[in-house]
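One chain, chain A, appears in both complexes that follow, with chain B as partner in the first and chain C in the second.
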Partner chain A sequence: MSNVAGKAYGMNVMTPLRWWTAIWQKVIFWVVVKTFPYFLKGLLTLSLIHYARWTIINRWSFPRLDKSQPKEKLTYSYMLFESNFNGSWDQYIDSFSFAIPSGLDMFWRWNIKYPKSIPLHDFYHYIRFNQVECDHYYNAYPLASANDVKSAQALYADLAAFADSSEALSDDAFAAAWQQFLADNQHSLGSMGTSPLMSTSNQLVQEHHHDDLQLAARQTQQEEA
Partner chain B sequence: MTMDRALDLYDIQGNICKGYGRFGFPKARYFFLEFHQYAGARAFLQQLIPLITTAEPWSEKDHPDQSDKPQATTNIGFTYAGLSALGLPRRSLDGFPLEFRMGMKNRAGILGDEGPSDPANWDPVWQGEPVHAWLSVNGQSRQAVVDRYRQIEQLLQQSQGSVTIRPGHKGPQGSLQPWQDASAVYENGRVTPKEHFGYVDGIGNPYFAGCGNDPSRLPGRGKLTRDDGWQPLATGEFILGHIDEAREYPIAPEPHLLALNGTFMVYRKLHENVTTFNRYVDRLATDFDGSRELLMAKFSGRWPDNGAPLVLAPDDAAKAELDQQLAQLTAKAAAGDHTAATELRALKAKWIDFTYNKDRHGSRCPIGAHIRRANTRAALETEKDAFNTPSALDDRRRLLRRGLPYGGEDETPADDTEQGIIFMCIGASLERQFEFVQQQWINYSNDFHLGNDRDVLIGANNGQLTDKHIIQVNPKQGKAPFFCTHLPRMVETRGGDYFFLPGITALRMIAQGIIDPT
Partner chain C sequence: MANKFGNSYGLTTLCPLINGHQQHTSFDKITRHRIQLLEENSGSPFARIPDTYFARLFILNDVFFEQGNNVARDHLQSKYLVFTSNFHGDLEPYLQGMWNNAEADVRHIWQYAVAFDKVQNAADFIRYIKRCQLTTTLFFNGSTDDSLQQQLKSLYVKQAFTEFALQHQGKPVAELRAAFKTFMQQLQIDNIETPSWQPGQTQL
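This part shows the complex of A and B:
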């Protein structure tokens, strides 16, 4: 189990709601997103977030894997919060709580025992308690954060355009255009590298994984010999 | 919440509220203790307590007509191992935050202490079991430091082996010292505020509610409000037992009195590779469009000679103009011109009262410059009004810096001589403040959209092509940004640990052996 893959962290949080407030909440989500986009501005400015999504699941509409799976009778409806982000759990929750506390409270306020996002440690406990850990978490580009991907895409598009437009230029004109190209893209030129350690616990997990690989390699060698 | 409520400054250790350097204490000695026997160690502490300097106001600067400042100060901090050795109950010990209990060495992966900075390469004093306590003596003169040190040495002798000094600090000419001496850097016999790379240091520091500093120091040091004003940071960001910016009490051990008015401190011996630094700057300066000083400023965010921020003077011409203005006002003010004196004060206020709001591109102060990383001054709010307050992502990451340079007195600084900075910083959460800044902002750049680029001065760089710093430009001027690639390791960690600095009441209780969370 790990919620960490490369530079990314996967978070799922399931929090109970009374079934009738769940219906209300759906209406409110819809209204907020339509009419108050500034509520979302803070969320979008927190560049460590890949995406965040709140889904309300009515207590009668939980999925079953198969018709043979008995229906559960649930007391509560639930809100499923999913997010992928770069950085550690603390950094993420801290950023939310520091930067957009009222936005968070709006999303969660009707959830059972939601403590509000300030003070911080009650909020920490609430999220930890309701978090569902990832069994598997896959990351296709472990060296890239969302910002890295956005930078790379911008750079790639600009570089392709530059390649097209610069072919016929004289040496001097090329030099000038190249300088301008670099200036225009100066915010997309960070170096690529591995993720900083998310925690000393995660460091241990990585070390164990490394040990396992070595053990497996030794066993294969022995079998071959 | 942000009111400047009075704190019990007599119960708080002096180094928390005062940077002694600023108060005329250019000399210091740090040394580390081992406790071998509870009762004897506690008896030693009881005798030491009268020497401990509190944050009481002094007559100089901030507080006219108050008690006189001493010739020397003394402060103390304990590691987790130290508190155990003093016999604190399990329950109190377990209440300390994890990173403090683990100690700095075990946080190497987070702090980027690898390669030459790996704990295996630290000074002998840091090898083996952790030290138990940190003692610091600051003095108005070297003699005052030595006198106070001798006084403490006598107390140690009286303890009959219950408390000893752990030696093993690398000193000049390959020596090993029982202590770490530190000193402001002198030029032609005069104290300067410089460190060994040649930068003026010690300007930016947070202002918090109740700190006892002159309120005129608030602008540029507090937290930002929506109307571009400044407010004091919550006391609990720096002192335990007080409300913090998240409107709660910081994580602290029980009982309440053990934590109240105490705090945590980072001690780090940071070696400066002066030859490597100078060579790198020399080599780059030949290609750089601007003076060597400007290039150095583009690393740190401030001009090396007088600390003027780049946002105020972004190039050589602007700096020349600023210097001229400064010289004129200084001369006039010295001749008794009151208007000039007021203008001079207003100009000097701009050394600290600034943000990066008008420098989004980093064409004045590069986005990866040291001070812009270490204190982002609301620059992370890239969309206007996106956050609760402009500096919402910074206010809980501020560091109260309390260090001094060391070395450089007996030998000419080179890579293999001993000089650098004894970096000390204070905060209520080591993890949320120091460790975060060190890991995410110094050794990484995702928050700045600069990938894995690192700080030029103190980043864990290794001379690779991709170990780089970008000096941004104004894109409208058609010039390319300047790339500082192959950054070498300018600064190496040579040791350190995390310390708990108790309040005076707590110190008494520890010394008396009466800490009881029941």
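This part shows the complex of A and C:
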């Protein structure tokens, strides 16, 4: 029951937009996909996102699975934004706002009451107000950042190739190749310990989880009594 | 308008909950409490579901936004269990793996969802989730789309090799070479199953 799982933060933001602008928004996203990577270059440059997605839910598209379920009667369509990123909430919003303000405005421009990404204070308020907290958030590699995952992939391939290619070398040639290999892959090296944010957050999660488990145990005892 | 980006899949679902209660507690509150009590990290049910990169669960009680005199007031008629996942591969095998590896958790979490009482097996579960699924409008992958096992093995290799390189700085070449050979044998770089990191692992 936390938005933090290791080095990742899980954000959910649900914002309304008029049904006809929702259609235009879909066209914009379609253009972004077709012209990728130009428009998403800023996101790649930020390099702190594992995965992110925007889902436009038309006002008539909320799942209705049974006649017993009341029909939704909504004025607006909605956009659900979800992100898995490294760092704190503030760092993420700051990075987005400073690095790709025009990109943000393009993605949210038709959302009701969207204040634009600059000035920052109004943008902070908008995201905070429309954010929905995670009740359970899972990350398969809490110790790793998105850059760790990418650099690990590169190092894995290079190390396998180096092990094969260096086997038949003389000692002198091996020493030179080793130095070259380390120099070429220095950006992929680094230990992945826990981060201060991760430790603090994890401690809070454990405390809350402990409290919840105790509460659940007391409720069970009361029900049994 | 795609749920896939390379080999990675972005699943978004809104699962309506039954409007009702049990012993003065509404079904959405019971469901939220159950979700909040799930174990974290390697103890999470998602750690048992193959190829899950990230997953989350939350309850959407209503649509909350800054209303005012110049905008309409919207309220949802149902509360929704929102389940989203980022994983490697295709949807049906993933949901099959979810059912096979975490059936008890799935039944516990979705117990009060509309029409979930008709879900009896993996095929039903796949059909049910597809009915709740929303198509992703824009999916961005800032990581890799390798299988989770490959990602975890690569992270294990990165950590182990970094430590090896640090420990062997300035060593004579013969010693370095012998140690590297032993290291690579222990690393078993072509065996992606072991040694490796475990899903949700929080300690080195």
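The criterion applied here is as follows: the second predicted complex is superposed on the first by the 186 of 225 C-alpha atoms of A that agree within 3 Å, B and C clash if a C-alpha of one lies under 4 Å from a C-alpha of the other, contacts with A are read in each partner's own complex, and residues count from 1 in each chain.
We adopt the following convention: a contact is a pair of C-beta atoms (placed from the backbone, for glycine too) under 8 Å apart; a residue touches a chain by one contact, two chains touch by 3 or more.
Quick caveat, the model's predicted, so the values are computed rather than measured.
**Student:** Since both structures carry chain A, what do chain B and chain C do when superposed there: clash or fit?
**Tutor:** fit
**Student:** Quick check on the superposed pair: does A:Ala183 touch chain B, chain C, both, or neither? Answer first, second, both or neither.
**Tutor:** After superposition on chain A, A:Ala183 lies in contact with chain B alone.
**Student:** Regarding the shared-chain residue A:Pro101, is it in contact with chain B (first), chain C (second), both, or neither?
**Tutor:** First partner only.
**Student:** Quick one: is A:Ser151 in contact with chain B, with chain C, with both, or with neither? Answer first, second, both or neither.
**Tutor:** both
**Student:** First (chain B), second (chain C), both or neither: which does A:Arg109 touch?
**Tutor:** In the superposition, A:Arg109 touches no partner, neither chain B nor chain C.
**Student:** Quick check on the superposed pair: does A:Arg128 touch chain B, chain C, both, or neither? Answer first, second, both or neither.
**Tutor:** So A:Arg128 meets neither chain B nor chain C here.
**Student:** I'd like to know which partner A:Arg218 touches here: chain B for first, chain C for second, both or neither.
**Tutor:** It touches nothing on chain B or chain C.
**Student:** Which chain, chain B or chain C, is in touch with more residues of chain A?
**Tutor:** C
**Student:** Just checking: does A:Gln91 make contact with chain B only, chain C only, both, or neither of them? Give me first, second, both or neither.
**Tutor:** Only chain B; A:Gln91 stays clear of chain C.
**Student:** Check the superposed model and tell me the shortest C-alpha distance between chain B and chain C, rounded to whole Å.
**Tutor:** 6
**Student:** Would you please give the residues of chain A that touch chain B in one complex and also touch chain C in the other complex?
**Tutor:** 44, 47-48, 148, 151, 178, 182, 188-194
**Student:** Which positions of chain C touch chain A when the two form their complex?
**Tutor:** Listed in rising order, the residues are 1-2, 8, 10, 12-16, 18-19, 32-33, 35-38, 40-41, 44, 46-47, 52-60, 63-66, 68, 71-74, 76-78, 80, 82, 84, 86, 114-115, 128, 131-132, 134-144, 146, 148, 150-155, 157-159, 161-163, 165, 173-174, 176-177, 180, 184, 189-190, 197, 199-202, 204.
**Student:** Considering only the defined contacts, which chain A positions touch chain C in the complex?
**Tutor:** 1-2, 5-6, 8, 10, 12, 14-16, 25-26, 29-30, 32-33, 40, 43-44, 46-57, 61-66, 68-76, 78-80, 82, 84, 107, 112-113, 126, 129-130, 132-144, 146, 148-153, 155-156, 159-160, 163, 171-172, 174-175, 178, 182, 188-194, 202, 205-206, 209, 212-213, 216
**Student:** If you look only at chain A, which of its residues touch chain B in the complex?
**Tutor:** Within the complex, chain A touches chain B at residues 7, 38, 41-42, 44-45, 47-48, 86-87, 90-91, 94-95, 97-102, 118-122, 145, 147-148, 151, 176, 178-180, 182-184, 186-194, 196-197, 199-200, 203.
**Student:** Write out the stretch or stretches of chain B touching chain A in their complex.
**Tutor:** 102, 106-107, 109-110, 112, 245-248, 251, 361, 367, 381-383, 385-388, 392-393, 395-396, 431-432, 436, 439-440, 443-447, 449-453, 466-468, 470, 472-475, 477-481
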